[in-house]
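Letters A, B, C, D and E mark the chains in the order given here, with residues in each chain numbered from 1 onward.
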Amino acid sequence: GSSSDDNELSVFAAASLAEVMDELVAAYTETSPGVNVAVNLAGSTTLKAQIFEGAPADVVLLANQATMSQLVDEDAVQAPQLAAANRMVLAVPADNPGGVKSLDDLARSDLLIGLCDSQVPCGATARNILDAAGVVASPDTNEPDVKSLVAKIVSGELDAGIVYTTDLASAGDELIRIDIDPSLYEPNVYPVAVVTDGDKPAEAQLFIDFVLSERGQSVLAASGFLPAEEVN
Amino acid sequence: MAELGGPKGPAPKGLIALAVLGAAVILLPIVGLLARTPWSRLGELLGKPIVGDALRLSLITSFAAAGISLCLGLPLAWILSRTRFWGRSLLRAFVTLPMVLPPVVGGAALLFALGRRGVVGEPIYDLTGFALPFSVWGVILANTFVAMPFLVLTIEAALNNTDHRQEAAAATLGASRLAVFNRVTVPMIRPSILAGLVLAWARALGEFGATITFAGNLSGRTQTLPLAVFVSLEADRDAAIAISLILVVISVAVLLILRNRWWSTQ
Amino acid sequence: MSEVSGLQASIQLQRSNGFKLDVELNIAAGTTACLLGPNGAGKSTAVGALAGLINIEGGSIRLNGRTLNDPSVGIAIPPPDRKIGLMFQDYALFGHLSVEDNIAFGPRSAGLSKSASRLAAAEWTHKFDLIDLAGRKASDLSGGQAQRVAMARTLAANPDLILLDEPLAALDVGTKATLRRILSTNLEAFDGPRLIITHEPAEAFLLADRIHIMENGRITQSGTAAEIRRSPATAYVGALAGTNFLTGSTFRGSITLDESNVVLKTSDTTTDGRVIVTVRPSALALHPSQPDGSPRNSWQAKIASVENLGDVARVYLDAPLPLAADVTPGSVEQLGLSAGQSIWVAIKATEISVSPA
Amino acid sequence: MAELGGPKGPAPKGLIALAVLGAAVILLPIVGLLARTPWSRLGELLGKPIVGDALRLSLITSFAAAGISLCLGLPLAWILSRTRFWGRSLLRAFVTLPMVLPPVVGGAALLFALGRRGVVGEPIYDLTGFALPFSVWGVILANTFVAMPFLVLTIEAALNNTDHRQEAAAATLGASRLAVFNRVTVPMIRPSILAGLVLAWARALGEFGATITFAGNLSGRTQTLPLAVFVSLEADRDAAIAISLILVVISVAVLLILRNRWWSTQ
Amino acid sequence: MSEVSGLQASIQLQRSNGFKLDVELNIAAGTTACLLGPNGAGKSTAVGALAGLINIEGGSIRLNGRTLNDPSVGIAIPPPDRKIGLMFQDYALFGHLSVEDNIAFGPRSAGLSKSASRLAAAEWTHKFDLIDLAGRKASDLSGGQAQRVAMARTLAANPDLILLDEPLAALDVGTKATLRRILSTNLEAFDGPRLIITHEPAEAFLLADRIHIMENGRITQSGTAAEIRRSPATAYVGALAGTNFLTGSTFRGSITLDESNVVLKTSDTTTDGRVIVTVRPSALALHPSQPDGSPRNSWQAKIASVENLGDVARVYLDAPLPLAADVTPGSVEQLGLSAGQSIWVAIKATEISVSPA
């Protein structure tokens, strides 16, 4: 890597992990003083493109398995491990204007329904859930990322949408959470890996070890993530 | 025929050098894009139905937004340039804001104002049952919001450049301010009006953040080309590049149609 | 200020460079006034203020009984509602429009349809001999062509008050005479007051009923051509060569004057009809006895007065024709010229110029 | 003092109505944004260190990008307007492209060209060890790439509006083309140069997509305000709005400083 | 074309409206030519082509032996390298610059420092009496003020060829005379050829060594003032009133002529020194015997020829002074004027005008 600082560890992380990354880094610097972690937050695909183009990354933590697989295929990263998982819930605005009670309500045509786009993980999983539940929903928007979907539900522009558990943790009481049967789908996973071209593979592995450690996992759990072993 | 400007002499080397550098900053990345374009898969990638839908929608909404920007922005520019009122500088400063707001925030702002629960949108929705978001009108509004400031500023500057004698002459010939505007002012600044229109149109065509935030992303209804690009980026980068290429082709085509003769008063 | 027609204006203002204008201008309906004055005297500023293009700070402007501008009571009618036509010193043509559309601009602004205004313009295009140029873009005209178009455009708008800022300055010798004639014919047809700015005293004397001399932002003298010639109030006015004007009818080179029964011969045998006759004071020769020789005109006259103007002496002649003759002080002495004396006056037919009235 | 334009008469009602509508399209969302701003938490939200870093970086990079755009874009505009060469229309069309490319694709294109593995970037990196991405230079470049076209088009239009007599006069007085440019052309179109500069600066200040893709999102190094807004949106929407408000305040302040007198040739 | 100094130009071009220009213009170094012609004749086009602002399609332009333009061999020196100063008919001042900076523009372009060019400008500001205006923005000048600044700006650039397009058109009567004098003094100081466009024949006769008449894109006549007056080639030239010019020295109203030992009296007793004397043909009176009366000048002359010009007859007088006198055909008959005859010539002192040479 070309990082100006010899002690700097460059972590490329999915933007949806923005909040929890702050805490992870804080905890890690506590345990390993002297290490300076620089975090680059962007969409998983952007990160992938940056790494392909030679970006100075040491560790990469993505929000989906598919993108990581592409990095693996190109030998851009070493064997990935799973750092965490995330489940999905049905979210409705705090005042629930549509009177949504269950997944079945998503079939109602009088409601404004939002899903993630089928090309992004949360959208693909949401469609799997609907298929499995036998609900035929016609979404009014296919949001390219889950945060903009959440924002629209919070602001009341949408009557309901399928989002991650972690989103409810950060949205607080602005959203009502309706649980979805976990047997209907595979939860989304967050793979983490050492970047092949990085110039601090050892330090990179140390950081990954920390994320997978009890301390790291508890930080993730506090933000609503499931432990990685749940799906491993 | 011999008209205007005889032998000009070579353009100054310094200017050429800087201009070449400037062109390079813009052209190099485009060359990069073309170099990485998956030419062999192009047909397959562009054949998807969502591409056609998005293309149609992009054309409609970008031209509509440019048209609305012109209808509303030209008078706004004129008012800013030709009348004196309290708060004029402030108005001009605020009109510029959509340019600096991150488009996503711009979209959020639109929602706050005109969404189903918005300051203005809520009463409208309660009365008429009509909501702008998630409709093609929402896309056009979002595009107009981000595009109009470019047109307003370009035209206002051009208005400030013009000398006022011809307008004064028109007034003494009995032309009302409106007639002066239509028959003297507008023809005088035609190149800048066109430039403002192109800027607004291009900005609208490339608009992404405000649209997705305000109008959502539904193929065939609100998914424009940039949204299709963005969504594709997550899954298939090649498709994203291929779709971007459509944007490139459209805008080059439009600008070539305008040609040199539209760009000058000559 | 109770007159109901014509222009009554009193203008006080200051330009950004500190130049102060303070003038009073009254022009009766149906009459033409000329504004003469040196460069930078404020002539263009004054007409700009009349037309409403420059704000006045004091005074008032009244046209045909209607107050157009009066800062003291907050009246300031905007230019298009004043119906005051102004021909700019630098033309200010609409470069993007054709000559025809430039001229049609006024009629069109008055509410005529496109075709009706074209028709109205065609008339003026014709009057000002611009037919060949009608289709040309105004930006592609020569200086003199542009000036003619500007004049036609102003008159075609049919204003209540006509202001012409140096209308003939860029015209060539031949066109100038023709156009002065066209101009004065067409001005006659306007009911309202007219004001012409010029540097050419001869032009002023030919066109104006009344002349106003402006110097350094003030009117220093007003009066008819004869009054101003007779008693120039300032050095500038004195320098404007005095010229004699007579009116009459001419036929084949013989002029029957209105003022007396003297018949003057002119070398101009092509102009017929009502004319203004101009005779330069220096062209008049005085003789103690009837002269022979080439001067075709001679008559006996009485001297009204003799004025010494320094280099020249001006001899005012009385019956049968009121004329001023300039001679050298030496001649005055030699001929013993004095008021009341009888003297022979001679002038060559080539010195008598006529222009259609 | 009495100068320029006397009594003007009221502005035409039709124009005012359209201008008001135009202003409403732009102002309503901003009012919406202000209405939803968490005023009580503002101090706390803006006190975070990343905000200060991002603010500093945003100011530096947006002004740098505007400056570079002016240095390179003004000559480019001049060349497009005042010289004739083969491919001029094509060049103009291509110069406009960054306006229509979705910024994310623009960022990708920059990576393709100037990244460490890029068409041009790779040889440079191999030779000098210097790479643009993930540095403040990368941010400035990305900003320049998206911002310069606005400046070029605005100024080219203004150049096409000007009448050439004064330039011709300067040439007969012995001024070289460069001297004519510097001493006659530039002063004549000052309002449009300023407008172009403001457009470019504003576009750079609000730039997000190309920056995050090309320069990354490293707090303190490449994270500008819009990127901070993006990150905050993921976690704390209120913080995002608060940060957006800084953008609003900066740009209103800059535009008010420019004031009316800078906007006109008067 | 082997001369090495002066201007040798032959210009062929067509403007976008179809107007065709085809002229040849040769001006020797150190001499002044005037271009006279009606509106739209192509005068401004011709000087524009000389200055390199309008492309020529045929012909060539050579100045002091250097080829500036020759389409046949592909030479087209751009305007700034021609060292040809052009004063535009509509001034084209730099509105954003002060009067001083407008005038300093040429010196500055020649490479002088800011302060040195200001100094150079100051000299011209002084010569053209523009000191009061020096700090003013050029956009805030009156028409006549702007014209003076434009003239000073052109001369201050110290070009090899000076082209002035209607330099005196907007000036008031007083300023015009003063400026004509300033102009001719300063033109003398330039080594190169000078070309002045004007509509005022008197101006041309006063300023020019050689006059070129342009009509409809062509030169219809070239020659000295006397040559052109003597045999006008076209109706337009004929209409330009012929005026007699003499040179001499004057002292307190007595003019000693170069051409003969006749002493003329003039009423202008303030001008002293070398002068150009102008005498209008129509001011000359012919008498069979010595006239008495106010005319202070009379002498006996021989008639060289008599020409009938229609309305007037022009009598060319020979020794002692070569003058043309206009009389009516009637006078010719009555006095029986014919070549070889002796006749008395009289002219009033007030008709003799002098201007410093």
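Here is the rule we go by: contacts are C-beta pairs under 8 Å (C-beta built on N, C-alpha and C of every residue); 3 or more make two chains touch, one makes a residue touch a chain.
What you are looking at is a predicted structure, and each value in this text was computed from that prediction instead of being measured.
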Study note, to complete from the structure: Sorted by label, the chains bordering both subunit C and subunit D are B, E
Check your understanding: What chain pair has the highest count of contacting C-beta pairs?
Key -> B-D
Exercise for review: Would you mind pulling out the distance in Å between where the CA atoms of subunit A average out and where those of subunit B do?
Suggested key: 34
Check your understanding: From the C-alpha centre of subunit B to that of subunit D, how far is it in Å?
Key -> 14
**Study point:** Cα-centroid distance, subunit B relative to subunit C, in whole angstrom
**Key:** 56
Check your understanding: Between subunit C and subunit E, what's the gap in Å when you average each chain's C-alpha atoms?
Key -> 27
Exercise for review: Can you tell me which residues of subunit C touch two or more of the remaining chains?
Suggested key: 15-16, 52-53, 78-80, 90, 95
Check your understanding: Counting only residues that touch at least 2 other chains, which ones in subunit A make the list?
Key -> 46, 49, 151
Exercise for review: Would you please write down the residue numbers of subunit B that are in contact with two or more other chains?
Suggested key: 4-5, 8-9, 104, 108, 111-112, 168, 176-177, 188, 230, 233, 237, 265
Check your understanding: Can you name every chain pair that touches?
Key -> A-B, A-D, B-C, B-D, B-E, C-D, C-E, D-E
Exercise for review: Show which residues of subunit D lie in contact with subunit E when the two form their complex.
Suggested key: 165-166, 168-177, 179-180, 183-184, 187-188, 265
Revision key, fill the gap. Residue positions on subunit A within touch of subunit D in the complex are 2, 15-16, 18-19, 38-42, 46, 49-50, 52-56, 147, 151, 154, 170
**Study point:** Interfacial residue positions of subunit D with respect to subunit A in the complex
**Key:** 104, 107-108, 111-112, 115-118, 125, 129, 131, 133-134, 212-213, 216-219, 221, 230-237
Review point. In the complex of these two chains, what residues of subunit B are touching subunit E?
Key: 1-9, 163
Point to revise | For the subunit E and subunit D complex, residues of the former touching the latter | key: 51-53, 78-80, 82-86, 88, 90, 92-97, 105-106, 108-110, 153-154, 157, 159
